[in-house]
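Below: a set of structures, written as structure tokens.
Each of the next two complexes has subunit A plus one other chain: subunit B in the first, subunit C in the second.
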Partner chain A sequence: MELQAVLMAAGGGSRMMDLTYNTPKPLLPVGNKPLIWYPLNLLERVGFEEVIVITTKEVQKMISTDPKVKLDVKMKLDLVCIQEDADMGTADALRHIQQKVKTDVLVVSCDLITDAALHEVVDLFRAHNATLSMLMSKAHEFTETVPGQKGKKKTGEQRDFVGVDGTGKRLLFMANEADLDEGVVIRKSIMRKHPRMHIKTGLVDAHLYCLKKSVVDFLADNKSISSIRGELVPYLVRKQFSKSTNSPKVIDETHQNLKKNDSNISSRDEELLHLTQERSCWNDHRGDMSDAYHGGRLRCYVHIMDEGICYRVNTLAAYIEANRLAPKLFDEPAVHPSAVVSERCLIGADSIIGASCQISDKTSIKRSTIGVSTTVREKVKVTNSIIMHGVTIEEGCNIQGSVICSNAVIGRGADIKYCLVGSAQRIEPDAEVNITYHYKSITYNNCHKVSK
Partner chain B sequence: MADCGEPDGPGNKDDIARSKNEGKELTKEEKQRLRKQKKQQKKHKERKNEKGPSETEKDETPVSLLPPPPPVATQKAPSALPAPASAPIPVPASAPFHSSPAPSPADKPAKSKAELKAERRARQETDRAAKQPGSSSSGIKTKVPLSELNPVVKRLPEHVQVDDPAVVKRLAKKLERQQIPLRSDYGYKVSLFSHLHQYSRKAPLTQLLSIPSTVIHPSIVRLGLQYSQGIVAGSNARSVALLHAFKQVIRDYTTPPNEELSRDLVNKLKPYISFLNQCRPLSASMGNAIKYIKKEISNIPSQCKEEEAKTKLLKCIDRYIEEKIVLAAKAISKYAIEKISDGDVILVYGCSSLVNHILCEAFEKSRKFRVIVVDSRPRLEGREALRRLVQRGISCTYVLISALSYILPEVSKVFLGAHALLANGYVMSRVGTSQIALVARTFNVPVLVCCETYKFCERVQTDSFVSNELDDPDDLMVTRKGKTQLENWQDVSSLGLLNLVYDVTPPDFVDLVITDLGMIPCTSVPVVLRVKNLDQ
Partner chain C sequence: MSSRGGKQKKGNVTSEQEEEEQPLQAVLVADSFNRRFFPISKDQPRALLPLGNVAMIDYTLEFLTSTGVQETFVFCCWMSNKIKDHLLKSKWCRPTSPNVVHIITSDLYRSLGDVLRDVDAKNLVRNDFILVYGDVVSNIDVSQALQEHRHRRKVDKNISVMTMVFKESSPGHKTRCEEDDVIVAMDSKSKRVLHYQKTQGLKKLQFPMNIFQHGSDEFEIRHDLLDCHISICSPQVAELFTDNFDYQTRNDFVRGILVNEEILGNQIHLYVTQDGYGARVSNLQMYDSVSLDMVRRWVYPLTPEANFTDQQGQGCTHSRHNVYRGAEVSLGHGSQMEENVLIGRDTSIGANCHISNSVIGNNCTIGDNVVLDRAHMWNNVHVSSNVEIHQSVVCDGAVVKEAVRLNKQCVLAYNVVIGPNLSLPEGTVVSMHHPEEEEEDDDDEFLSDDQEVGHSKDKTRQKAFNPAEVGPEGKGYIWKASMNDTEDEELAQCLWGLVLNPDPESDSESEASEESQDRSRSVSPEIDDVNAFQLEVLGTLQRGLEENIVCDNLVLEINSLKYAYNITLKEVMQILTRVVLEYPFQQQGTQLTTLQYTGSLLPLLKTWSPVFKNYIKRAQDHLDCLSAVEELFLEQDTHQTAMVKVLMKMYQLEILEEEAILKWFSTGATNDKSRQLRKNQGVRLGQICVWGKPSQNVKGYQFGHCGSLILLLQKETTLLIFSDGVQRKQTPCSQCHKKESCGMV
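Up next, the complex of A and B:
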């Protein structure tokens, strides 16, 4: 077997608590499919037959009953539960399943929605015998207004600095602004080997990593690393250029320790590989006297996507953007066949209506997503919104730019603009709600401006 | 031991000559009919005996991926009998030399195929048992009477014919059967070379494969990628990498029940070889290595246990690499160093691992010489050769091939590497080599070609058009000051980009060939081939 897929679905969605306080993040509906369906679909399309899914008990229960996951996903899902309150990072989770990992792993996050060609990432991993290979994408501006935010919020989001070499494939440098004190510090050893480095900041990390098995074993020995993205990847990138005679628990040693286990086989093979490299007239860089890869054994590669969809749904803005674009990823009809839609309603071409919906007369639905089993009464105008499952919208409502979570009830004549209504909340009739989060069970009557 | 590929006397040559010249179908069909009749008679006799094993054979035939093995007649004499057995299976007209395993379920019932298989196996077993204790002379003796019945079909590689739709269709069918995706050609091909494949590096074969590759062993997928991206380039490096990958395959191989390792492993390797061929056309050295491995695998006795057989095969591979590549390089450098004298100015072209090895060894032995490295676009491999030589301390000059006639007056010897040595003495090497040999001959500079014997090839070619390799045409595009002039070359209908990889140098331009068997003139290559075949 070449690669094992590991799907990390135990995250809490800490950056969008408003949505995830009730529904766990892997099961948030995006385009009427649970969020976890997207990476599973990606893996299935590419040809994986088995996936190890690391998740919490709650999610495990819901996944096993979710119809979408059960019906559409043909792969074998091996669900591994971890404690919700254990506060495990992604690297901790990998350490937890170390026994199940028999070969190189492909780690995917459950909030990744992309149509990337995975073979590009894996080809880098295979061809160069890399230790790490990851996917990144050029970040796109989010154009939709996010409910609950007054105006465009441009907080100083921590930037990522990614340094690549001339070909754009070899990863030389990776640091987050949070870890840097004053400026970007680049070691001389890197500059000596790769005098030309391109540093990019506008990239989104897709959190899709191909890791060698020795890395997982290394994690088992080094319990201090708890996050793949935050600690392991920068460590590996730095380690490419450090001299090999360092601390004892070094990853090179783990490489060698493994090889010593079947020493006869690997030493001969190592010789052959060395002979191949010696006889081959290829070099990955030009201009200095060193051999290919500068004789380094650890190599990290990155594939940067220029075009195509790549989103990580971990903030509210990303969630809304993903809902807009997710339908483009699959060819299902916009209006589910089991939805009951009356003739005299206007449904825009870019709206999605879920199964078993009831849309009544004289409604207008534009650029929105309506969830499963939602009832929309007459004379309702829904624009630019996301309505989740089981919602009831009474007559005459006007919903604009909002997110209405599952099982909410919107009373008659309510006017909701740029709001987020939490799960199972009720908006009273004739309420006028503007730019707010509504998830506390406080009822308002005939109010005009309601703020948090 | 049975010989590998020895021509079986005049009968075989006539057949091949006839089939080459005339409408082959008639003569072959007549032969097929005769063979069919013979087979029918034998079948009736052995039907009752073989009923037991044939039952199990029937179960196996739907399981195995491929139809009955094609005439692997270069291996040994007994397989001469299966050659005619599978020849009645309709042979496509255009293949001059051998039939690819075309399926024929409609014509013959599965039972007869199974029975033929069983007969063949029984005969092979008896022959193999007879062969083991006997010497080579008895092997030849057993071969002669059999050959009178059926001439051994010599298996030569098929010519690539991309512009012939029938051949392309056959290839597509074969790949489909082996579950290998077909790589599509890219871009406009110059008309003289339209019979060759031209692939784009940006469209690797892996995008059509599933990611945890199950059909093809992961080390073979990795190797194919490394070939197509040029990470493993150079005849020796490719062969070593191929054998290394085969070692992994053999290590991970387990014999399925009711199958024999000697047969099943060869069948397992065939789709891998097709895959590698799709990634990048196989080189002559790789072809010889594959032939050697297949022979070794087929020669494993059936009573050998799996573990034992596997270790034996791994050892064989190690020995082959050690003998044919590493020790051969040592022997060649020993001979070549005699030819290098102090004060020499040596010209080398591109990056040949063997020539670099020779020069480094000569420098270790304190010969005083300097090197001129000639390079050419688009590969610019000379830069790598330059780096390796300068790293050792050899003083070098670097020029592009356009400056060749300007620096040749300084040169005292030319050392060239070879990709393959053809049976008529022609040297197949990187494109540009023949030009260098020509100009050197004009300046009366001796040209020495260094080549290991495992690169000697049975093919005959007098020009560079018939069989060559087309590399990615986009490599010819160059970006200077941010502008790429040829960016939209595909839109210009009258423009074609040609990126040839190999060319052939006639033996008149080559003064000496240095091989591990010694220093021979170019015209002695067929002799070496003959001696090699007798040894094997």
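Up next, the complex of A and C:
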């Protein structure tokens, strides 16, 4: 076993609370499949047979009991639950399962939807005997209008600055705009080793990492690091260029760990590898006569996708976008065989109808997803919308650009545009709702009504 | 706005047509405006120095001509007559020359800025022009860069004012010199320069955030560029120099444009060539590498045998291993020319010589058994037998006598005679000009005098040559770059320039400390101020000693520093005390013995006692000063025995009062260590005070080497007080049992 897969599925989805209020993020339906299915499927496609899934009790319970969230994977899932309220970061979670980690790990986030060729990332990891290799992608513009938002949302988020070398693979620099008050500061010695540095700002981190086992051990020793993306990765990137080989003074725990490990299993391999590197005339750079990698033993690499789908479903906008694109990722009939669809209705090819749905006459469904056990009555128009499970839509409704959460009931003749209707909500008949949130069943109706 | 746009458009149309017709112009600045090549350039302007036996300006003109320039303005200042003569004789001024050369001389040029302001005033350029120095050697075809530049100007409505030409070469490349190393941040797509900085002496490179806010999401930071000092400029460049009279160099200009990009809307772009060659001979280091590159044919088609200057007798033959021989070269028996050797016409070489990587000029004679490696000999040089020359420059008319050895980076300027039997140490520069003569030249603006004022003075005031420096038959003075001219930074640098030594070790060593520094800084930023203040005080005192500054002025300086760093009076006193007491360690290292320490400290205390007195006035001040003394000696626990002497001295100099010492001694023991200190020193301190009070009893005092205090009592008796408090009369020191060594009287 070369790599162990670890799936991080304990996140609360804090950036899309409206959706995750009733459904935990890993189980949100995307294209009528739970979100967690996508990374699992990605791993299964490349041949993993076992995955460690770090998740919460709630999710575990729902996976085992709820028939609607059928995972439909053949891999062996090793579910590890962590406490929800402990506020554990991804690095904390990795530390939590340190005992289970026997080899290098591939860490994936549960909200990743991608068609990336995973072997690209792993190959970088293998070829350079890297400490870390990760996946990034060019950022996508979200085209769809997001419910509850008037106009385009300004990209107030701060950019990540990612510096790669001339080949575009070696990761040299990483910082968030927020931390760069004094501008981008780069040591000259780095520039001397890598005289061409590309600084890219329009990238999304896919949160997919290959990490050496020693890094996991390092985490176990360093309890202060709690997030992989926020702390561990920047630390590793920075440590690449600190003096590591000659001076014992520099606290380079990772290497101490490497040495520790060497004595256990892989010492012979490491030595051999080292010898090969020494004897080989191969070099990763040109222009000077120093050793390959300039003698550095900590190396970080990144694979940047130029094209293809790569989304992290962590905002509402991303969720809608993912739903629109999800059908392209798998070949399944758009209309589930168990759905009862009337002959006299119009269903676009870009729509998905879930299992045991009932779609009545004179209904038109375009560019939309209809969840499991949803009932759609006569003369309903659904465009650009996501309807989750168990929703009932009464006669003559018009739903456009909206998200309707599970078990909601839309009253007769309602006109809903760019709205988010929360779980088990009831929309009164003939209501006309525009650009509003309808959620939280406690406050029954905080909608903003406009009567004609 | 619209009318203006229309006007511009109209102008563009006409200029487009004109562009086709108008000849490409170039501005060649045949002056470096610095003294890097002194003393060589005292006799010959830099542009005329031979490189591969051809004057450097000829390479520049050849480069311009081959790239399609039809009209060149040559601006000269220093020794303009010589340059003019040279050019008038050269092929550039023949009627058949495709490149019309105009020579413009003025004594008033002080910088590149002056030249370009003059270009603007005289309205010389009408279109995009190429700006180069007279010491650029290049074979780059800039027509593509020119095309890109014109295209950008057409598309962006004259926003781009300059395109700089760079050659790609990785760090550590030998034609890159540390001084000229640049780092460039650029927009990957538009090739726009966002940040341009010289990296000499920098450890960290800082890029302001605003350069990353230009909408593009891909930037490139490049450290693999060699600045060729070739720029394609729009006519606006000259205007901009006129508008901004503080722009002196191209560096000023580039930085000014980049900083004011948002205000003025001007941009600078770059063009990177991969296979061309371009370098500026900015110091001897570069001269050495460019000369060798030339011989190794990197600047093809500008090769030595091409004789592109088209002068009679300059031709030479090219044989393998890049050995070039001019006409009438004679080579003695057994002499070897290994590789990369260029020998000018009428040069004769003796037997059993060993020559590699060298250029030898015309009419030279070289004796037997001579070893030349990376030697650059100009014309009419005479080298006797058994000479060894390594990586050195020997100028016209120099004579090297028997058995002389020139180590690396030596320079023999014009007409110098060296030897016999001498070995010049590395980096020696010998010139017929006396170093002091230069200072005299300073008075009459050196840049403007092409009258060679020096010569007449030289004759009137001929000084004797030092045979130890230049050998028994030698003629010449060792040249030392004068350091007194602080405004001219270039002077302080040596002729050869700094060697690019890739030592990443030293860089990364600082990493650990850097991080720890970062940490401490983030915790308490004010400590930094205090530290900085302490350093400044130290510097002030040091200077005071060296330059014999009056204590009153020192006080003034420290006072102004106090305000600059916002330091309280109490801290001033503590820091001052600390700095003074640590001064011997600072100067002589920490391995001082206690005796040495007190020996060097006590005179210092005396010198600076007015400074102390100025700050220590109130009773509290005395106590603060004492606590600072205590603190220091607690740290330097090996030197604790010196404390009593220091206190004694301060008491004697009336810096500290007796009451204060007593008070300090009786109170204030805050921890074990200081209690211990008091216990050790206390006895003696007590005794000082005892001695101080009934002073009618005591004539004098002395210290024994084992730390005992010897009091000379009135009645011709001696009282010995030991550190354990034991008092003995007229007894030798119990610890060493030697009367003399205790310094007893």
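Note that the second predicted complex is superposed on the first by the 402 of 452 C-alpha atoms of A that agree within 3 Å, B and C clash if a C-alpha of one lies under 4 Å from a C-alpha of the other, contacts with A are read in each partner's own complex, and residues count from 1 in each chain.
Note that contacts are C-beta pairs under 8 Å (C-beta built on N, C-alpha and C of every residue); 3 or more make two chains touch, one makes a residue touch a chain.
Nothing here was measured: the structure is a model prediction, and the numbers come from that model.
With both complexes brought onto subunit A, simultaneous placement of subunit B and subunit C is permitted, the two fitting side by side without a clash.
By the touch criterion defined above, A:Arg196 reaches subunit C but does not reach subunit B. Geometry note, superposition on chain A: angle between subunit B and subunit C about the Cα centre of subunit A is 70 degrees, to the nearest 10. When the two structures are aligned on the shared chain, A:Arg426 is found in touch with neither subunit B nor subunit C.
By the touch criterion defined above, A:Arg367 reaches neither subunit B nor subunit C.
Residue contacts after overlaying the shared chain place A:His336 against neither subunit B nor subunit C.
In the superposition on chain A, A:Arg286 makes contact with both subunit B and subunit C. Of the two partner chains, subunit C is the only one that A:Glu182 touches; subunit B does not reach it.
Looking at the shared chain after the overlay, A:Phe161 reaches subunit C, while subunit B stays out of its contact range.
After superposing the two complexes on chain A, the closest approach between C-alpha atoms of subunit B and subunit C comes to 5 Å.
With the contact threshold set out at the top, residues 286 of subunit A are in contact with subunit B in one structure and with subunit C in the other.
Residues 169-173, 183, 185, 188, 199, 202-209, 212, 217-224, 502, 504-505, 507-509, 511-512 of subunit C are the ones touching subunit A in the complex.
Taken together, the subunit B residues at the contact with subunit A in this complex read 204, 206-207, 209-214, 218, 221-222, 225-226, 229-234, 236-237, 240-241, 243-244, 247-248, 251, 318, 321, 325-326, 350-351, 353, 381, 383-385, 387, 390-391.
Against subunit C, in their complex, subunit A makes its touches with residues 159, 161, 163, 177, 180-189, 191-193, 195-202, 241-243, 246-247, 249-250, 286-288, 294.
Contact residues of subunit A toward subunit B in the complex are 1-5, 46-49, 106, 117-119, 122-123, 126-129, 265, 268-269, 272-273, 275-283, 286, 289.
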